[in-house]
Amino acid sequence: MNWNSPLVQAGLTMLGINIAFVVVLMIVAYTVLAERRILALIQGRLGPNRVGYGGVLQPFADLLKFILKEEVIPDQATKFFYLLAPIIAITAALMTIIVYPFGPTVNLPFFGPVKLVIAQFDIALLYVLGMTSVGVYGIMLAGWASNSKYSLMGGLRASAQMISYELSLGLSLVGVVLMSGTLDLYSVVELQTNRWEFSPVLNFFLQPLSWNIFLQPLGFIIYLISAIAETNRVPFDLPEAETELVAGFHTEYSALKFALFFMAEYVNMFTVSVLATTLFLGGWNGPGVATFPVLGVFYFLGKIIFFLFLYIWLRGTLPRFRFDQLMNFGWTFLLPAAILNIIVSATVAYFYY
Amino acid sequence: MTNHWLSVVVFAPLVGATINWLIGRRVRSEAFIGIIACGSVGISTVIAFMIAFTEANGAALTNDAATPVMSHLWTWMQVGTFRADFGFAMDRLSGIYACFVTFVALLIHVFATGYMHGDRGFYRFFAYLNLFMFMMLTLVLADNILLMFVGWEGVGLCSYLLIGYYFNRQEAGDAAKKAFVANRVGDWGVILGIMLIFSLTGSISFFDKPAMEGVGAVESFLTVARGMPVESFTWGAIFAGGLTSAAVLLFIGATGKSAQIPLFVWLPDAMAGPTPVSALIHAATMVTAGVYMIVRCSQVYVHAPTAMFIIAIIGAATAIFAATIGLAQNDIKKVLAYSTVSQLGYMMLACGVGAFGAAIFHVMTHAFFKALLFLGSGSVIHGMHHEQDMRRMGGLKKYMPITFATMLTGGLAISGIPIFAGFFSKDEILWKTWSTASLGVANAGQILWLIGAVTALLTAVYMTRMMVMTFWGGERFREVPAGGQASEAHAHADDEDLKPHAARFDSAGDRPRHETGAHVGDAHHGSPHDEASDLTIDDDEDEHAAHHGPFTPHESPWVMTVPLIVLAILSTVGGLVGVPYALSSLIGLGDINYFEHMLEPAIAHAPGEHGAAANGGGTHQTPSASNPEWLSPPPQAHDGASPLSVGDGSHGEPGGGRAHDPHEVSMERLFTGISIVIALVGIGIGWLMFQKRPLLAMPRLLENKYYVDEVYNASIINPLKTGSRNVLWLFFDVGVVDGIVNGVGRGTREIGSVLRHLQPGFVRSYAAIILFGALAVIGYFAFSAYQVLPFTR
Amino acid sequence: MLELTSVFLFMLFGGMAVGCALSMIVQRNPLYSAISLVGVFVSLACLYVTLAAPFIAAVQVIVYAGAIMVLVVFVIMLLNVETEVRRPLRLRYLIPVAAGLSFVLIAQVFFMLFFVGPVSSAPSNVGLTASIGAGLFTEYILPFEITSVLILMAIVGAMTLARRAADIPLAARSADSSGAAGSPFTDPINDSRISGSRPGLTEIVGREMAARAIERLESRTGRGQGEET
Amino acid sequence: MIPLSWYLALSAVLFTIGAAGVIIKRNAISMFMCIELMLNAVNLTFVAFSSHFNDVTGQLFVFIVMAVAASEAAVGLGIIIAIFRNRESLDVDEASILKL
């Protein structure tokens, strides 16, 4: 069998995409469970622990519940967009995952060396940003099409918030791009493998020093904050502020359509975590990856899990912003800070690269 | 050689003017303003003399090779072969000019600080005066005719500003405008002359200049003109477009600037300006600019005998015409003004007969004694509490001894009494006129000489009359003016001086009344000349009216008398630099005509000379204005192909090796004797006529200046006004211009009322129209592409 | 094989683009139009990818779909623009004019295409980020900088327009408080004109935004009563 | 390789649709979107030419066109909002006088 024939490659890519989808969805499912359990821990409760051992089957029970619930479509809703919105949301969220490199080049039996990335191309980072920006349509359309004031308010808030913070998010990444000189995520990660030359032993232990986070601390902080806002998570969860807007843009959604929004949110959480890992925390890099490439996959997963935990942790501890505070913070602090970061990075890059 | 200190000579007064205008108006300290003004001119003077006489600085006047000192600042314009530099040059001619201009101006500046003391516009006056100096020096030192024209216009402007210095007085403003307009008429000729010279010779530069960075070399138009044939002596040559035309056009400018017939009318009126201005601008410097230009372009003029003839005629006519008018004037400044016009006529006469050196010599001596006379008259006016009418003076020599003595010197000088400066220059002009050979008409020289001699007589007469009326006789200022006198004074076109002192602006001299009380304290404060300032500020309405009963004239302060004394000395000895051979040999001194020799290289000579010199034994004789060959008419028709070069004169050893024909010398001595007799006779006539009867009425025709102003009004100004009003305004402007404008407006409105349907305000129709237009363009290009491009199908 | 694939992709995305474009002008509801236009943009982005211009494709999605059209949709939702009201057309003749002009345009283009014919071309590799960046910051630095100035102007212009909208209620308020009737300005808080025919939704948004604007203005000027502007 | 003319034809069709839309649509926002469509049609030709002639210039121009379009969107939408606030309508035919 000729592995290099385009058809085979396409087929393999399809296979990889499907596997990735399944894996991501599984991770999302267990993130939900983890969130509930951890929140419960933080709040001194138990959380779901009855379905399966310690609640391991709880996500599937939830899924079953969503599937079996009644599909309610509001009478005054604009049906086409009402149905389209969740599809856009979940599609845009899922489409980014094909570009993330989740491991170094490994030697697989039968296949030989394989890059652990589904698609590697020149503009991967732009692709991610583009998909993220398309995702906002899902929320806006959902809010508008539901024909409900809570939905509309939530949708407007969400879209305003996402437009605003998308700017800071994009700009915070420019620093990394300047340092790396490429938009290809795989190259970005590879560049974080061995930035400094120490002695072999030190190289092993001090490998994290090569990560971009040490070159771009300000960029990382801005990215982190913007990413939380981008995913509408606490403390930026204005669009779905229960006390004000019932449930925001998806107030009128039920059953599987709600599940899609729900999943989209967690997929988004996952993708921004992956992006943070890839761009700032060295991706699959870590001590020992040079020797045992497979180790990289676990580093990668570990870092993602750290970020996911961070999200949950924040949700359990922080209060919510007010809307004007949110806007002020985004436009008057984050954006100037991101621009400052770009200026400093560009200057440094000009002189040292 | 290049010496950039030359630019300092020009620009120092500009700096002074700027400082006085910007800072002086705020400082309001007369000491400061005066020091700045006199200091800047003093700097110019010192540097000008240094450049003119010291070897290290180029010795523009005395170096043997007669090389000019140049200062090229930048190339002003360069278009094709046309090159106008912003650069200065001092050669023999401009050196003489620069020296006496700066020196006389310095004295007048000093005088003016006393004369203008207490005036509200003190800073303004000196700013203008300094600006004038800048312009005058630009005129004199410019190294091309275009830059000279800048100075020419600039002095005209400053003259306008200074004549109209008392802008709240009607006659001052009118006089200023008159001067300006008369000068514009002349300037039209200068501009055309410059253009014609450029088109004839391809150059406007006075000097040959090497190529510099970015600009090509340029040859002096004088050099070019030297190689051109002498034009024939016909009236048609004026309109032939050759050198004669250019010369006549330039002379038109000179008639305006130097107050010749027919454009002299502005100069007497210009006496409405302050007296120092009259002395500086309208006697010593600016009005001689026309003479300067003609002498500067003498190389052109010697090729244009017709133009020379015209100049001689005009000059002689102006001289006698103005002298007769001057005989009958009662305003002391008017007398001097007409005297100036008359003397300018002399200078023009000298130019016309080819005696350029004599003309310049007279310019210089005239600057000395006429400045002296004007300043003296200013001193008299000052002492007389701004009374200008000589009929109210008399017996002043007791009160103003210094002024009297100095003015007497000036009067003797202008009358042509030997030793004094005017004698030598005037005598030389008369002699050259008699002996000229360059006029194309037989005996023209003799006729012109006769006119000049009569003028000299008249000059002596009216100067004596002026002196007598002013300084001798009864003290008429003590008399209350009588009505009869007032009616008599109506002859004055613009003087209301003799009316009883009821009017607000009566008896005003050239200075306006000071605001009552407004400036009394101002004038008192910090003034070093208490006596003077007291009397000056007394010059206000009540005081004056009260005084015109008896009051006592007073001598002027030393800042005014010192310049008078200096000028008196110069008027006495200034002529000694140009003593002709005929006289110096009389006392065994040989040729001491330094002035002539100095000027020699800078001026051209009548082309006939060369042929004569070539005939005279083949030796390269230095042709000079005093050359004996001048007397005899050219022995045969000169070949005309090789007029003498400007620089040839320097080859001769000054004072030696010249041939002085004994016959010539004796003739010249004879004519000198005649001149002396004329002067003495004139003084005698004046003394006899006016000593007893100083108020002797003069012929009405003369007193009214031959009604020239009236004739001009009737023949030119009024028809022009009427024509402007009826044809240009009511017909052309209202009918044609406004009609066109209104028609355009109406037409636009009509078209708009049709076209507005294309603009309904609907964006979508606009879009459709735009699309339609775009499609038309695309269609056009598609079609042309279809026709032009090679196609694959 | 590859040829077939690319033809297929072109047909797919080109067809999508044309379809969405047609849908855009056929739809009466601006929101539908907007979403159709997003479809056109995405299709074009895909075409750009097939044209080996991935960078432009990504920027197309980010700028057009992600920024411009989001703004448009936002405005549509904010103003609650409804379906175009069918009212007697004033400029009815424009429809045949548009049809005619469109036909001429199409005819011209195909005339050109038919007569000019195919152009030989080489496989492309210029669409990469690096080449675009190099071109943009070397040869075309001046247009790039001018563009940045243009964007700055747009920012200022947009802010000015938005601020004027915020000033209006202030003037209206002071006019009200001084008892002047018939003020030409509207008070968006008590005026239902800002909301459309769909009550209860955008009216709230409009009121909230206006109230916030007033609040901000007052806190900035430090007084309760607005001044006459 | 798809022939260049196919892209040009597609672009022409899109442009025509946009141009017709500008004339036909009465809603200001719809007109605005039609203009964006026309810009995109032109962009397509740029990219197609750029790609076929292997010259990056076309894509740079597309980049600049996008920047211009973004500016236009910001200002244009601001104007549309201002018009709406004053006229409570987005019908451009209503806005036929230069007066609020």
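Here are a few things to note about the model shown:
So that you can tell them apart, the chains are marked A, B, C and D in the order they are listed, and the count of residues begins at 1 in each.
In this section, a contact is a pair of C-beta atoms (placed from the backbone, for glycine too) under 8 Å apart; a residue touches a chain by one contact, two chains touch by 3 or more.
Keep in mind it's a predicted model, so treat the numbers as computed, not measured.
Considering every other chain in turn, the ones in contact with both subunit B and subunit C prove to be D.
Should one ask which of A-C and C-D has more C-beta pairs in contact, the pair is C-D.
Centre-to-centre separation of subunit A and subunit C, using mean CA positions: 28 Å.
As a whole-number value, the distance joining the C-alpha centres of subunit A and subunit D reads 33 Å. Mean C-alpha positions place subunit C and subunit D at a centre distance of 9 Å.
Our note on geometry: subunit A versus subunit B, Cα centroid distance of 94 Å, whole angstroms. Listed for subunit D are residues 19, 23-24, 26, 93, each touching two or more other chains.
Each of residues 55, 59, 67, 71, 78, 90-91, 94, 97-98, 101, 105, 116-118 in subunit C touches at least two other chains. Across the whole structure, chains are in contact as follows: A-C, B-C, B-D, C-D. Within the complex, the subunit C residues that touch subunit D are 3, 6-7, 10, 14, 17-18, 21-22, 24-25, 30, 33-34, 37, 40-41, 44, 47-48, 50-53, 55-56, 59-60, 63-64, 67-68, 71-72, 75-76, 78-79, 81, 84-85, 90-91, 94-95, 97-99, 101-102, 105-106, 109-110, 113, 116-119, 121-127, 131-132, 134-136, 140, 143-144, 147-148, 150-151, 153-155, 157-158, 160-162, 164-165, 168, 184, 186, 188, 193-194. Partner subunit C is touched in their complex by these residues of subunit A: 6, 81, 84, 121-123, 126-127, 129-134, 136-137, 140-141, 143-144, 147, 149, 152-153, 155-156, 159-160, 163, 166, 182-183, 324. Residues of subunit B touching subunit D in their complex: 760-764, 767-768, 771.
Every residue of subunit D that touches subunit B in the complex is listed here, in rising order: 19, 22-24, 26, 31, 92-93, 95-98. Those residues of subunit D that touch subunit C in the shared complex are 1-10, 12-21, 23-27, 29-30, 32-34, 36-37, 40, 43-44, 47-48, 50-57, 59-60, 62-64, 66-75, 77-82, 84-85, 88, 90-91, 93, 100.
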